[in-house]
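For clarity, chains are labelled A, B and C in written order, and residue numbers in each chain start from 1.
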Amino acid sequence: MLKLLRQCAALTALNVRTLPQRPGSSAVAVVGIAAVVAVFAGVLSMAAGFQKTVAGSGAPDTAIVLREGVTTELTSGLGLEQTRIVANAPGVRRGDDGQPMASAELFVVVDLKKKSGSTASAALRGLQPAAFAVRGDVEIIQGRTFEPGRNELLVGRAAAAQFTGLDVGSSIKFGQQDWQIVGIFAAGGSIFESELWSDVRVLQPAYRRGTSFQSVRVKLQSADSLGELQAALAADPRVQVDVRSEQDYFAEQAEPVVRFIRLVGYPLAILMALGAVFAALNTMYSSVSARAREIATLRAIGFGPLPLALATLAESAVLALLGGALGGALAFFGLNGYTGSTMDQSFSQIVFDFAVTPELLRQGLVAALVVGLIGGLFPALRAARVPVATALREL
Amino acid sequence: MKYLGLIWCNMWRKRIRTTLTILSVLVAFLLFGLLTGFKNAFQVGDSLETAERLITVHKVSLINMLPVSYTERIKRIPGIAEATHATWFGGYYQEPRNQFGQFPVDPPSYLAMYPELKVPEQQLARFMANQTGALVGRAIADQFNISVGDRLPLFSTIWPKQDGDRNWEFQVEGILDDNSPNPITNFLLFHYEYFDEARGMGRGTVGWFIEKGDGSRSNTDLAADIDLEFANSPAETKTTNEAAFAEEYAKQFGDIGLIVTAILGAVFFTILLVSGNSMSQSVRERIPELAVLKTLGFSSGSVLAMVLAEGVLIALIGGLLGLGLSVAALGQASKALAALLPLGMGLSPGALILAVTYMILLGLVSGALPAVQAMRLTIIEALGRR
Amino acid sequence: MTESLVQVREVSKHFQKGKETVEVLHNLSLDIPAGDFMALMGPSGSGKTTLLNLLGGLDKPTTGGVSVSGRAIDQLSGNELAAWRAHHVGFVFQFYNLLPVLTAARNVELPLLLTDLSAAQRKQHVATALSVVGLADRAGHYPRELSGGQEQRVAIARAIVSDPTLLLCDEPTGDLDRETATEILTLLQALNRDHGKTIVMVTHDPQAAEYARRTLHLDKGTLLEAQAA
């Protein structure tokens, strides 16, 4: 056993040391595999980034209440009375002032011009005063928050970065109304940073919504109070609502986009990997045939066919891992943190950062290794089976 | 042509290598076809009809509704020949993931606006006589196995009936076909009158308007006039031509075009490396033979041409096979996703020509460098290279 | 007196080897009449292969002129030379230089691809050439399936298939055993006597030179006359 390993090690070292003599075909395998891994990591980093932003937008102790049977805020509708009932239900935390930490909200979709020139939509959300208590991680990073009763907007960081005309101090017109931008906020990198906020009581008349809302966001007494709240509201005949934890809600929201990207990304990666396998096969076959004499001589000397085959496989694996690392590095340094945006189910733009996660890199390396092993298998068998006499005759 | 035999035999000098190269090229063009088809699904294209029609939506957002009374005001604008409206019903069939377009419309004016939509006379007559009737597009009918006479329940995620129930029921009275070059039939039409009476909110409003000019004025002017008519009203409008509208919408998904181009760039670069390397090896092995051909009287130019032709032949074989596979796959996928992607995923003639051009370029470029290097050697040097 | 088929006039050939200039042929003049079978002998480095290359238009003299059938081939451009070679010269090399990917028949056919003959006509010429060298039954074999002698005969068939004026052979028997060499030399002799081919053969083997009509000796780039056979 040990002898076998030593033979393998010696032969692998020999193979690898002679790699620089075959720069062309070795480079082909490395680059081919690097391309596969880079594209794979790149495309899937979109899904990872989107999921991170959207799914990470939910807090564990916050619940979102929507009208029964509805899956998104946009299509939900709640009356004023219903929101009051929800706010006062058991399970909802109360602030130091004794008031429930609940914010009944409404949002509309507005058209804005992107800095790149094209038009896109964003969410203009009306909040109640308690919203900031419910959303614990909101930080005003420029200017101030909106004053109740006024046409003032507090703009999310990501929205301000993506669209033109959202600087503090400027004003913007939606429909008939002028709005003043008074501040920019950050919210832990969550999806809310793509929104524009204002007082819900100003938004409602501006968009002729009377006293209707779409959702109520509440802070739970504890993460376990969700069940209590759900039971209480289910039992109350005055309201027909669905209560979800914010995290579940956002996970659901992200799902279609994430699923779609993955649906496209994985098959794409598999196809590319197939191409890479052919490239790797080509490289390894030419490597074996270029060294046919060498291999035959080694066999004549006494090295067994198994170590020779394993050494060829190892050579292929080394090239593949090099390619995988290169591709991963390309994806990481090129795309990680790159800002993209797409539309969500409410037809508004969500800004997210591409996330080349360690998990993706790991998957990429594994894929590269698999490609390398498959690509090295048949050439390895050939290396082992070359009839010594025939090969030596090639001298 | 008589050189084809020589080129063919040379190509197969190392069968495995050539096969693997062809397979690599095949995969590259399979990807090209699939990705280009995918990208095309998001482009409405520029058929004459779509450039002729205008779409008017609420200026603030296409989600907001517009008063149906605007229809008459639009028709009175000079230069407008026809105007009609439609609304997004937002329903699904049986399961939430079976969403597709359903539009309550005014059938006579809507069907006149879209003359490419065809429905058999008998079916149309029955539809007109049945307020809860529906005309189902061919693609939807095929995907969900729906036929004339079927009961069609739809759950609207947006519109409740007056009793709060969101379950609506229709009877399928006819099947719609589209005989334009890019047929779109993944939708359903029903009566606005019924819809407006039965719905529990938003009465008297519609989602958007569609207009057509009589040819006396440009579309740009007409669009400007329409928007001017409703400026400073509670519901301002934004009018663009249909193709531009669809493109703007598709762009919101993200720059699909850019992503696809980037990926294809990476793929082709790699394939070029692979086939270039393959060709390099092949030519280098053959330098003495190429010299022999020159001793026989083949000019440098013709030897070079044969080497390049070999590269092009390999690229064409692999590329055409890959492209063919992608076309077949896209056809299947389009059928399965008809509800989601109206245009299906197909390859335009332009894309096919582009693909073949790439194949030829690939062959030429991968063969060029090694061929030129080989040609630089004099015959004697080349012969001596044993 | 008829003009010689090949006329070499005061030809010199220099090669650059780094900084040094090596003079391989020195002011050489030579006449080869049509129908001649000339052996060219000399020690290695004497320039015999170089002279052969000049005769075949594979190389150009540094000074002096070479003309074949009255045409000054040293004045022709690369493409003109290629065309000229196709019609006027046949080469036979020491290592046969057949294309391994082609059958014997297709190898022989190669020079004919440069002509305007139809496929049927080409096939006929190939058949004729192969039967002249006695290999009609091996037409469909690949070079790796043939013995050294058979390969050389295919090479000869290829050299004569387009009916060239001049047959240039560079050590044609250098890689063959005595018996096979004899067969080849006999064949060359027959081509010369019965078919009137003009042959120039470079060889280092005096026994091979016996088959020629006359032998010329080259030493350090100049000719030494020798007795005709």
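Here is the rule we go by: a residue touches a chain if its C-beta (ideal position, glycine included) is under 8 Å from a C-beta of that chain, and two chains touch if they have at least 3 such contacts.
Bear in mind that the values here come from a model prediction, so they are computed numbers and not experimental data.
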Pair of chains joined by the greatest number of C-beta pairs in contact: A-B
Chain whose Cα centroid lies at the greatest distance from that of subunit B: C
Between subunit C and subunit B, distance of the C-alpha-averaged centres to the nearest whole Å: 64
Separation of mean Cα positions, subunit C and subunit A [Å, integer]: 72
Between subunit A and subunit B, centroid-to-centroid distance (C-alpha), Å: 26
Touch list for subunit B against partner subunit C, complex: 2-3, 5-6, 9-10, 12-13, 288-289, 292-301, 378-380, 383, 386
Touch list for subunit B against partner subunit A, complex: 16-17, 20-21, 23-24, 27-28, 30-31, 34-35, 38, 59-64, 90, 96, 157-158, 166, 232, 234-236, 238, 248, 251-254, 259, 262-263, 266-267, 269-271, 273-274, 277-278, 280-281
In the complex with subunit B, residue positions of subunit A that touch it: 24-25, 27-28, 31-32, 35, 38-39, 42-43, 69-71, 74-75, 108-111, 118-121, 174-176, 207-208, 264, 268, 271-272, 274-276, 278-279, 281-282, 285-286, 340-343, 347, 349
In the complex with subunit B, residue positions of subunit C that touch it: 53, 56, 58-59, 78-79, 82-87, 89, 91, 93, 95, 97, 99-102, 106, 110-111, 113-114, 119, 158
